[in-house]
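Each of the next two complexes has chain A plus one more chain, namely chain B in the first and chain C in the second.
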Partner chain A sequence: MSFDCSDHLHYKVLHLTGEVDLSNSTKVRRCLLDILDRGNSVIVDFSKLTYIDSSGMAILVEGLNTANKKELSLTIAAAVGAPLQVLELTRLNQVFTLVDSVTDIKE
Partner chain B sequence: MNNESLLDKRWSSCPHELADIRKNVMGICAQLSFNDKDSNEIVLAIDEACTNIIRYAYNDCRDGEIYLQVTKDKKQVIFRLHDFAKHVSKDCIEQKEIDPLKPGGLGVMLMQKVMNSVKFVHTRKCKGNILELKKDLPKENSNNEL
Partner chain C sequence: MSSLDSALIEVNQLDASYGDRQVLKDINLTVNKGEILVIMGGSGSGKSTLLKNMLGLMKPAAGEILINSMDINSVNKSELLKLRRTMGVAFQGGALLSSMSVGDNIKLPLRQHTDLDENTISIMTRLKLELMNLAGFEDLMPSELSGGMLKRAGLARAVIMDPKILFFDEPSAGLDPVTSVELDQLILELRKAMNMTIIVVTHELESAFTIADRIAVLFDGEVVITGTVDEIKNCTDERVINLINRSPRKVQIDGEKYLSRLTKGAK
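Right, the complex of A and B next:
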């Protein structure tokens, strides 16, 4: 698993690549919370994510709760395949804002 | 009637082993002709079970052991996950309604939702815990020999 950050409009984009599970979800958590602590709304890009388990989803939920408290946003982009299935099974697809791609966010 | 053995393998309780466990389970799903959606869900359920073993049975201690046996009968594939930690409460895998926005319980909820049966099958005399997860075989695969 690897991740990197870029900018899109006034958002920070967290690109996740590969598989997020218990072995690496702490690193993702640190990065996500760091972005939010700096006062940035965030788009989590799933386009290169092939797997995420409940430890990864729990971190995104923590991120969403943190974002809401700070009046920021957390959006998930390009969820397909196994990661989308996890969102649907946990019903978190009804909780997060999902978009088809990062560039779908216009402002 | 004897079940057919599909896998018999051990891993350490290190989280870095999860990727290899998933790879093995995905291989079995392909062998049994599960479609992509069901395969992803089965892999997720076994990964969640192993994650719970690492976190709660072994308390994140990496020198424990996870032993996975996979068999099939005419109707189901049966995953048996053995750990060698202290007995955990059998209640911890009960199906509960959870709030996905609150911490805890997501992994168990996923296992219960995806598999046809999830239960502990160890006895008091048994060292450790044995979690058994069963999934119905795809219709075209049922009753067929591999």
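Right, the complex of A and C next:
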């Protein structure tokens, strides 16, 4: 698993690659909360994510809650395959804003 | 996909006994990755003993059990521990610790085996409770839950670490029909979303036919047949037909042996 950050408009984009699970989700959490702490809205890019476990989902939930409190946004882009199924199983697809790709976000 | 390279669990020529009493005889069984295998059989057929052996909770009298190509009875402790972290078990009655709240019971594996933030642990626990239709029950004690709720709480704890292999002992026993159907659906969804390999022990035919990719039928400690739902339904073995038709066993009595059991006890 690896992750890196880029910019899209005024958003920070967090690209997740590979598998997010118990062994690495704490690192992703720190990065995500750090972006939000700095007052940036965030797009989490799932396009290269092959697997995410419930610790990863829990981190995104915490991130969304933090974003809402700070009147920022957290959007998930390009969720397909297994990660999308996990979102659906946990019904979090009804909680997060999902977009097909990062570039779908225009402003 | 050949069955050889996708086998996650292999049971080879397994014998198991309690004292002198042999309970499993020459069991051969393969569980493939991502498969739902149902072990079916009447009471006393050896289902739970087979499960205990697969979990490494009981040493086999003979034979071997391979998980991920590792013999669970000969690997060292740290390897066994690593293996066990990828396995979840939901026991028949839930097996929650009665002195802890439902939430703390479910959090236990995470607190024991991970260094996740307490916030993450709480959200993960609530996600699983939501999944099991137990939202809002985390602060209750196990004694305050019904049998069906206990079972679902036990399942929540079994899957809290997102195991690769889930063992489930009698999921529908003691549940009302609606809850039982919901649990079957949940098992199917868990497999689909988390790609879990699931081994279910049950005597409920409806449930077995709904969830199973393959069914292994145990009878008196032996595997009578392993096959797809259709293969089981079309099986001509009288013992399987009796199980499906719920006919009582007609055991031929050996008069001499019966008399001996009554006067001298069973040997």
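Here is the rule we use: the second predicted complex is superposed on the first by the 107 of 107 C-alpha atoms of A that agree within 3 Å, B and C clash if a C-alpha of one lies under 4 Å from a C-alpha of the other, contacts with A are read in each partner's own complex, and residues count from 1 in each chain.
As a convention for this text, a contact is a pair of C-beta atoms (placed from the backbone, for glycine too) under 8 Å apart; a residue touches a chain by one contact, two chains touch by 3 or more.
What you see is a predicted model, and the numbers here were worked out from it, not measured in a lab.
Colleague: Once the structures are superposed on A, label A:Val95 by its partner contacts, choosing first (chain B), second (chain C), both or neither.
Modeller: In the superposition, A:Val95 touches chain B alone.
Colleague: Which partner chains sit in contact with A:Ser73 here, chain B, chain C, both or neither? Use first/second/both/neither.
Modeller: neither
Colleague: Go through the superposed model and pick first if A:Glu19 touches only chain B, second if only chain C, both, or neither.
Modeller: first
Colleague: Does the superposition put A:Arg29 against chain B (first), chain C (second), both, or neither?
Modeller: The answer is second: A:Arg29 touches chain C but not chain B.
Colleague: When the two structures are overlaid on chain A, which partner does A:Ser47 contact: first (chain B), second (chain C), both, or neither?
Modeller: Touch status of A:Ser47: no partner.
Colleague: Contacts for A:Val86 in the overlay, against chain B (first) and chain C (second): which applies, first, second, both or neither?
Modeller: After superposition on chain A, A:Val86 lies in contact with both partners, chain B and chain C.
Colleague: Please write out, lowest number first, the residues of chain A touched by both chain B and chain C across the two complexes.
Modeller: Residues 21-22, 53-55, 57-58, 61-62, 82, 85-86, 89-91 of chain A touch both chain B and chain C.
Colleague: Across the complex, what residues on chain C touch chain A?
Modeller: Against chain A, chain C makes touches at 114-117, 119-121, 123-124, 127-128, 130-131, 160-162, 189-190, 192-195.
Colleague: Residues of chain A touching chain C in their complex?
Modeller: Spelled out, the residues of chain A in touch with chain C are 21-22, 25-26, 29, 53-55, 57-59, 61-62, 82, 85-86, 88-91.
Colleague: What part of chain A is in contact with chain B in the complex they form?
Modeller: 19, 21-23, 51, 53-55, 57-58, 61-62, 64-65, 81-82, 85-86, 89-92, 95
Colleague: Can you tell me which positions in chain B touch chain A when the two form their complex?
Modeller: 14-16, 18-19, 22, 36-37, 40-41, 43-44, 47-48, 51, 54-55, 100-101, 103, 106-107, 109-110, 113-114
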